[in-house]
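Labels for the chains are A, B, C and D, by order of writing; each one numbers its residues from 1.
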């Protein structure tokens, strides 16, 4: 029961944040909504027992990635979104398609998912065990990902660096 | 296989020469082109001689497999070479005559443009011809068969800027295709029924079969189809029409390809397939009839020709007819014998004719020659030898082979006196037109315009004979041309001395099954061989006499005779209008049909319309659809979302069904 | 312990912790003014109460009663939310910090922390990393160039130094093998050779400690890394446009963060509440808390001491220092520690 | 006990919100955030499945997603900055040169 209540509470926050992201016209509001969503998701992770994932969610997503977003919004001084009518397609096909798809998925999930239930803290994800997995079974993906991140860092620096002798901006997470 | 002679080298050497000259020759000096061509061709000849030297110690037939080629199911075709007495004779003739003609060409073509191209083609021809001769299966033979056709096409059209040469090349190519069609179908039948194309295996599976005397069976069909192929390649009725036109090519080409070697490929092929023909009497009869008819028919046309090379061309057709006649009566070895002697004297005739043309500055019309006897003595004497040889005067080469054929035509189980009679009459005609040519060219007064005139035939080409060669008036050819003439003249004289019996004995291992296969009711020959020989020699003498009378003593007489004969003469002069008949019967309907139905009907209105319509439709659709590519990120996202929705709907529909 | 008592105890603990923390924040300000004053050969606050001890109270009253200015053209929702975010996350971490072993009151065994989470350290890091929003948003929403520059500097600086900070802690985590702060402290009990405390800082993490300290100074925007509020360049940085209680909130957030950092340094590197125990049982149960507070006080003093002595970095020097010196150093420390642990 | 499908539904809702944001938002940064929202929705389903199947690798997957998202963000935002420098706008409807 408590589980359900907590789930619903966090879920409500999540959905509210997500909807707010859509509704807000200023990117910084959207960004903060997203931070809220991520925080609430971290709560959901904790409910599922994935405490490490939850913590990392907060640190990496909320604490680093979204800070980067906010930083860029500040840097570019992004203003209120313009209401241009650039794409009828997105409205005519995309949104109905998306709605149909999600409604169908939800319908299937809710009517046909069987008896799959998740208990609170169903699968504790202690850091040690995750580390065991990460550094043994998933060692190669891990290393490859590290290379990817390195490349991304260099790419970001190259892309964002102002041409000319100006000091390149440092922006990493 | 205990010993390997590296037979694969023999065809390959000329190919290397062709490749070097063809790819790099443009930058070579003429001397270097000559060196390359002669070295590789000569190497092939030397190799052939070596093979001949080693030949007695080999087990027959000698097979050498180089590499596998096609393996489909049970069908297996290898790059393999096959050597037996028949191949050896052909090998020696091809490389020997070919080498001589290479040497001759050096002199003849020296001033021509595209010198390297000529020798590259010539070497290429040698490669294909040797492949054909040495092939161990029908498919490789077919490669050589097609390859020599290609080389022939290239060489006929050597002066490709000249319309008639290009047209002649095309004509040769297309007419040959008809024959190849038959050949190919014969190959398919062989694969279908015997599962192999290797000579050894095919003949082994055919040997136990009984002759198809009752009607037209499988072997008869194959035989007739093979004969169709041979008709195309060896210029027999009804496909002979390309050969006279092929004289548009340079004279050495005419000598090598259209007299000595390539055109005899049909004879070789029929002889090679003797196992099939022996078991198909009907097919054999077709061969004999075609050969006989062709021999006679071509000879009649030859009488009226005025172009020195055309005469020889019809003579070639006629002589090939003799060979087929020999094959048709089951005397394959005699056919090959005649093939060999013919290669000598007909090659020589062409080369000598080339020398004459060379001497008079490109002129080919005999009516404008005359009295060249003293001016070009070497040419005169060699040509004399050849003329007497072809006319069948003993003891020259032609006498032995032709006489043997006539005797076989008369006496063989398949033979008949009709063949013999036509053969003898043709021999008379041959003698007549050959001596007509001889007299017209070398005797009487010179009827040309001197050595300074321009040559209408070669004039269109970059370096016509006329201008360069004509400077010093009529003159003897250089030594490099005369040496082959002399060598061939010697062979024309002594080539037959080996005798038909001994030659037949040499080839008998190949044709050993030939005569015993069918024991026809042995006919009692009505006349003995000696009598027949005398008759044929008399025929030759008669021809000589007639020619002497008409063209030496009474030069005005031919015109009177022509007027007397009227329409018939015109018909003969125009080669019986065969080309025109073909044009009306086959070419025009084909052209019209192609133009109106295939081109304008199907190609333009159906295929092109479909393609154009498809393109137009695609453009219309693209014009509409490309608005999708608006450059707007959100539109793309919209499409993706819509597509994803479709996929989801589909998946759910599939999952919940 | 029933759930009702758990909730009651938790609420009581929370109230006490908040009270203590806010008081500590207030008196940190007093301490700073006093110490800096003495360093600069001044007296610092002396008028309100003995030694100016009531000065924080007076300051509080002053902040409450000052006019709460809202400049025009600010982005109001965030302008108001920013100081709240800052102070909330600053106060949040105290919930996870244990200040001593459990004590028995009314028969209940009560641990001296609001809650013990087995990934406490991670959560503190996460919450700290969220603190940057307060600074960044305040700088941006003020719609002022000084504020914006301050906010930009702050977010860049905090994101950058967080890496070095996190990596410097990994050494400790490797030696201890746990994210739980209580476990980490417990692992530091005892002595080497009978007299050197088995603190992490003496247990091979001396480099990690210094990296942590420097990164933490940057994280809390303290001198010598106080570029976001450098008053000689940016007036007051990201809180230029704030006044009254909102300004006080930033102030509180800064000092609360300092306290958190000091607490963490104590817990992770200096053995937490471990110290010599003696005397009667009551004293024995209170001494750990004393040792803890004493160590935190030392760190706070060092903070102020550094502030009084060191000049400010230039911004590019700050970034270079973080990326090119601290980060490699932290990684080196991590590698060496991992090797040592692996070889043991 | 919460049915697994609730978690999946929540995940789906977040994902759908992300898609919608991608479709209706004009600001390129917001669009980028919508992508992050989608990734988060997917992450939730990973974790839920991990709990449901008792397979820790589901959580490990989330780490990889996060790392990749971080890398993507770094590069993406750098691109946005570069685009803004040249085009002086963040509106995707005006950044539409990639067309015929």
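The rule is short, and it goes like this: a contact is a pair of C-beta atoms (placed from the backbone, for glycine too) under 8 Å apart; a residue touches a chain by one contact, two chains touch by 3 or more.
Since this is a predicted model, take the numbers as computed values, not measurements.
A.B. asks: Could you tell me which pair, A-C or A-B, is linked by more C-beta pairs in contact?
C.D. replies: Answer by contact count: A-C.
A.B. asks: Using mean C-alpha positions as chain centres, tell me how far chain B is from chain C in Å, no decimals.
C.D. replies: Centres of chain B and chain C (C-alpha means) sit 105 Å apart.
A.B. asks: What is the distance, in whole Å, between the centres of chain A and chain B, each centre taken as the mean of its C-alpha atoms?
C.D. replies: 82
A.B. asks: At what distance in angstrom does the C-alpha mean of chain C lie from that of chain A?
C.D. replies: Chain A and chain C have C-alpha centres separated by 28 Å.
A.B. asks: Rounded to a whole Å, what is the gap between the Cα centroids of chain C and chain D?
C.D. replies: The separation of the two C-alpha centroids amounts to 33 Å.
A.B. asks: Two or more other chains in contact with one residue: find those residues in chain A.
C.D. replies: 52, 56, 64, 68, 73, 75, 86-87, 90-91, 94-95, 98, 101, 105, 171-173
A.B. asks: Pull out every residue in chain D that's touching 2 or more other chains.
C.D. replies: Residues 19, 23-24, 26, 92-93, 96.
A.B. asks: Which parts of chain C, given as residue numbers and ranges, touch two or more other chains?
C.D. replies: none
A.B. asks: Linking chains that touch, what shape results: line, ring, star, complete or other?
C.D. replies: other
A.B. asks: Every touching chain pair, please?
C.D. replies: In this structure, the chains touch in these pairs: A-B, A-C, A-D, B-D.
A.B. asks: Using the touch rule from the top, collect the residues of chain A that touch chain B in their complex.
C.D. replies: 86-98, 100-101, 104-105, 108, 112
A.B. asks: Quick check: in the complex, which residue numbers of chain A touch chain C?
C.D. replies: Those in contact with chain C are residues 26, 28-29, 32, 35, 42, 51-52, 55-56, 58-59, 62-64, 67-68, 70-71, 73-75, 77, 126-128, 167, 170-173.
A.B. asks: Can you list the residues on chain B that touch chain D in the complex?
C.D. replies: 626, 629-634, 637-638, 641
A.B. asks: Quick check on the complex: what are the chain A residues that touch chain D?
C.D. replies: Chain A residues touching chain D: 3-4, 7, 11, 14-15, 18-19, 21-22, 27, 30-31, 34, 37-38, 41, 44-45, 48-50, 52-53, 56-57, 60-61, 64-66, 68-69, 72-73, 75-76, 78, 81-87, 90-91, 94-95, 98-99, 101-102, 105-106, 109-110, 113, 116-119, 122-123, 125, 129-130, 133-134, 137-138, 141-142, 145, 148-149, 151-153, 155-160, 162, 171-173.
A.B. asks: Give every residue of chain B touching chain A within the complex, in rising order.
C.D. replies: It comes out as residues 628, 630, 632, 634-635, 637-646, 648-649, 652, 655-656.
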